[in-house]
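The chains carry the letters A, B, C and D, assigned in the order they are written, with residues numbered from 1 in each.
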Amino acid sequence: MTRMTTEQALTQALHEEMRRDARVLLLGEGAATKRPGLAREFGPARVRNTPLAEAIIAGTAVGAAASGLRPVIDLLFAPFLTYAMDALINSAGKLRYLSGGQCEFPLVALAMTGSGWCVGGQHNHNLEAMFVHAPGLQVLMPSTPADSKGLLKAAIRERNPVLFFIDLGLLHQEGEVADDPEEIVPIGVAALPRQGTDVTLVGYAKTVPVCLQAAAELEPHGVSAEVIDLRSLKPLDTACVLDSVARTGRLIVVHEASGLCGIAAELGALAASRAFGALRAPVVRITGPDAPAASSWALEQAAVPQAQAVVDAALGLMAEPLRRTPVVEDAWRAQA
Amino acid sequence: MNASPTQTLLRQFQTLLLIRSCEEQLVELNRQGAPDTCSSIGQEACAVGVIDALEARDRILTNHRSAAHLIARGADPKRLFAEVLGRVDGYCGGHSGTLHIAARELGVVLTSTIVGGELSLAPGVALAQKMGQGDPGAITAVFFGDGAACEGIFHEALNLAAQWQLPLLFVCENNQWQAYVHRLETMADNAITAWAEGHGIVTESIDGNDLEAVHAAATRAVAAIRADSRPRFLELRTYRLRGHSGQDDQAYVDAEELHHWQSRDPLRRLQQRLTEAGQLDPNTLEAMTREIRSRVEEAVAFAHASPWPDVAALIHPVYA
Amino acid sequence: MTRMTTEQALTQALHEEMRRDARVLLLGEGAATKRPGLAREFGPARVRNTPLAEAIIAGTAVGAAASGLRPVIDLLFAPFLTYAMDALINSAGKLRYLSGGQCEFPLVALAMTGSGWCVGGQHNHNLEAMFVHAPGLQVLMPSTPADSKGLLKAAIRERNPVLFFIDLGLLHQEGEVADDPEEIVPIGVAALPRQGTDVTLVGYAKTVPVCLQAAAELEPHGVSAEVIDLRSLKPLDTACVLDSVARTGRLIVVHEASGLCGIAAELGALAASRAFGALRAPVVRITGPDAPAASSWALEQAAVPQAQAVVDAALGLMAEPLRRTPVVEDAWRAQA
Amino acid sequence: MNASPTQTLLRQFQTLLLIRSCEEQLVELNRQGAPDTCSSIGQEACAVGVIDALEARDRILTNHRSAAHLIARGADPKRLFAEVLGRVDGYCGGHSGTLHIAARELGVVLTSTIVGGELSLAPGVALAQKMGQGDPGAITAVFFGDGAACEGIFHEALNLAAQWQLPLLFVCENNQWQAYVHRLETMADNAITAWAEGHGIVTESIDGNDLEAVHAAATRAVAAIRADSRPRFLELRTYRLRGHSGQDDQAYVDAEELHHWQSRDPLRRLQQRLTEAGQLDPNTLEAMTREIRSRVEEAVAFAHASPWPDVAALIHPVYA
């Protein structure tokens, strides 16, 4: 194990996979400039700066993937994906099916997302749920350097298109990362960084540490919280969530993306459908507001779900007479 | 297999006839209740002229108006019709229907019915060729319309192909219409080649209803691409003689313009040319027509007899 | 009242609103060709055929809306919206907020969606939930000619950007439509086409008739079903749904869009959170499959939720011992 | 208010100084922990030259690199700095931060930091003008970079503006860089004007570091647009003398190229020109510099003193 940041872990994953498989190439606006180590090792044919044109970067990746290459594209910030939607949603997500299985699209699209840099709503927009809703894609969003490396490696080896979201708030956080280049983290399997018996806290990316902190703060209150790190949003590890809720009977889902039709909505509905008999209290969603992200540091901070809101919600669920509605729903309201 | 020029031309004429006949049949099937199709009646010489200039190792991308390209590349009308009718024996098992038919066995590798989608995908196919995937020296040809040239992705694709020196042949079938809008309502007259030339790409603008001219230009372009691995651009000036799709009555079309282009029908032109040169006599023509008619009828019967896909196909094959 | 199709009702709405307000204009690929009546009455400046370029059509609408006009754009089929995502999501949805309220965007984007024409997944894709998830937009999707007219008129009079989805499967269905040009249907208010006491069936667009049929079929079984037609997906009439669930204790949400992070997920989570105490049985989602839409008629039909699946689910919920998981979840599975 | 040419030039010089000084201060604030900004140090003559050719009735759109445009249009550095720092007294109440600052009171109506976003919005603003919204005879100017010209929306915007004859001035500040990529890695040398000319739009390519040349060209273009309500296109050849944003160390930049452009710094050039013509003496310059310095310091103090937005602003004003 080596200690490194998420950024370093991602670069290491790219190095290892490009070494392993000559079909892997990296394309993006400044991909070569910003990863000079890769450019040096693999040369200008495999590490390419592109024109500033997300639609053709993504389209080219899709076309290349269908033709024997394994492109990784860096689309920078998640909102820029709006330019690449046709290639990703209509082509990568659909053409295998529509052609009756004649092609496959082993490609990875990287994008940074989330708060942390005060860049405002046209750079900071968590739109991962849109790609979960779209058919034919896989969507990853890890919370640790180790998972970032392991999942990116898995994604590059995948036969299907993967959207890989990097929480920029976590980019420079350090953690222990596996050295073995054959160690990957399987897609579709959630992590269980903390076990507990009273309430299930589900997060991904920057809300995983939030959930873990909340769990620690709940302990002195005598509340044992289990924490699930989804890591993979599609396929979603529904078995892990349902199993946990079956044991705890309480579910709180926490993410930075806005709530409407988000991942917390999906899991809330899932629990209400498949774990209804086990639920001992209302499902709680703690999410970002249904608004663009403001740049102002004060607002950016306020929009992110905080541990205190999770703690309050969990205590509320424990105290609440069975089957009553919860007090806290929106992180930012709780903090207001 | 060294065919004489006459043999080649006769075979090409036969393919034109087969395309026309298939497309007319598809319009008729639609009238009877089958799904709508976008026929390329009037544009057949574009498909045949270009595709006959390609080799088996080359790759093709097309769009919503793909039947001519598929047939020119040797597609079996039976499987084509089955696909349009949504049956399991179609090229895509009925998933595609008429709009996104791909046939990798023919080298028609990706088809998008999002206008411009084919343009977004083509550079990647050519990049893979350039980077050693597929057969050495192979190139990619992408067919698209004058309407697609208005989409931003056209600009991006041209720029990438030019900058990265991709072995890519852009084939714009300028049929004067973008669904219900005449192209001159959307662009200047000579815009399409001007746009391509703005990217430093060598272009040719050709009478798309003259099969021999198309074939000659495509042959030149393909050779040039193989020689220097740089993109080339063909504008094929042609006309959509029927409506945008199935039962479109063309009420919005200028009658004079339509008449002008009807008089330039690529089939009749080639037929006349062959007849005048003594290379096609009425008996041969009749035999050809008969044979094609029976192939088309066989295709209809085959398609109708082909089973509907099983409901399990609703979620397969989404993932590899 | 006059009997007409949805298509006619929409055209009538456009006529009336363009007459009422000279700032309203209609742009789209073939907008003038396909609506010659409008073109004749309002001329080429206000009814414009555009180049085939969705991104600039949408962007132009956003710019024009910020500058005093009230554009209606026809983007044809919903999947083509992938080309217009930047203008709609990053500009129309965000720039009012990011500019601190300096501008507003009174525009309407029309798009057809859903099955009915065997056109396959690049024309038939119900992606309305993506726009519900995005901030700053409003999303409408009516089920009747009357609502189509009334809501389109309301949308054109709105001060905010509206995505208006037209279920093409309903385009040629007839219904009674109000004649009074001042009659609008307010945005954000669900309709309650049928009252009931045992189970709440929620649908929108083509699943409203499905729910109504199911309700009728449930009657002989002694099950009284309430039917809610959402009409407006954003703002969502949560009060109407919660009120109904509070009375019936059972919720089935039915839509053609795929389930993951869809509207049914949103409502399922909502009920599990805010109506938990009232829920007497698991929430059921009956949705389209998580797959591109196949063109084949047989598959297209099979993907659409059918009344029988709703009936089975409702009977299951009634019979089921309290708090057990339901049998039926996916329409297509039920029908397979 | 009839200013003499010299007075005008001195005022413009002062604005250049103010922009430079503000941008350097923003870089310094970023070093101290304030949010990152994209400065246009080296490009100031583009902003001032063009914006001074516009009238109050005209409308402007800009992008991530907007400070120069805003200041040239008369923005108050106090409110600009407050916005960058995310405070309530900023032009957008702290919602925007540096990347999307609009100031309708100045006619800077829409700003998008999605590269190409400004290009998508500009035709609509010009269309509204053409259709009678706003002041008669008004035009729209849209500022964008050479990178934005690679986005498909560039092609779509040019085509629409040309076809619909919109009163729109395209101003491409070709600063040779697209974040971390040199533009010659993405396009041919003369590509930008070639692309615009492919749409039949009259273009001029101007030394963007020569304020007088920029101003003259912009004045011509604006007059031409007002005369015939057709778009015009200016390419302003300039250089981004600093990194893409805040603390970018420009390690990837060719030292010789940078040096070449440093020697063509638009401020020094105008200063030399004014000095040589006897229109600017050291005392005046010092007084100017002092005044600007104090305005900038005042702006910093104001911004720091301005309150953070209330958390209620998290969801207001999303809707009208």
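As a working rule, contacts are C-beta pairs under 8 Å (C-beta built on N, C-alpha and C of every residue); 3 or more make two chains touch, one makes a residue touch a chain.
Since this is a predicted model, take the numbers as computed values, not measurements.
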item	value
Farthest chain (mean CA position) relative to subunit A	B
Chain centre separation in whole Å, for subunit C relative to subunit A (CA means)	28
Rounded Å distance, subunit A centre to subunit D centre (Cα mean)	36
Averaged-CA centre spacing for the pair subunit D and subunit B, given as whole angstrom	46
Centre-of-Cα separation between subunit D and subunit C, whole angstrom	41
Multi-chain contact sites of subunit A, meaning residues that touch two or more partners	50-51, 53, 55-56, 79, 82-83, 86, 90, 97-98, 120-122, 135-136, 290-292, 294-295
Subunit D, residues touching no fewer than two other chains	94-96, 100, 112, 114, 116-117, 150-153, 156, 159, 163, 185-187, 318
Chain contact topology (line, ring, star, complete or other)	complete
Subunit B contact footprint on subunit C (complex, rising order)	29-30, 33-34, 49-56, 79-80, 82-83, 117-123, 289-292, 294-300, 302-303, 332, 335-336
Subunit A-facing residues of subunit B, complex	59, 61, 90-96, 100-104, 109-112, 114, 116-117, 119-129, 131, 133-134, 152-153, 156-157, 159-160, 163-164, 316-320
Complex interface listing, subunit B residues touching subunit C	35-36, 86-87, 94-100, 112-117, 147-148, 150-152, 178-181, 185-187, 252, 308-309, 311-315, 318
Subunit A to subunit C touching residues, read off their complex	79, 82-83, 85-86, 89-90, 93-94, 97-98, 120-122, 125, 127, 129-130, 132-136, 234, 236, 257-258, 260-277, 279, 281-285, 290-292, 294-295, 323-326, 329
Residues of subunit A that touch subunit B when the two form their complex	23, 25, 45, 48, 50-51, 53, 55-56, 58-69, 71, 86-87, 90-91, 95-106, 135-136, 159-160
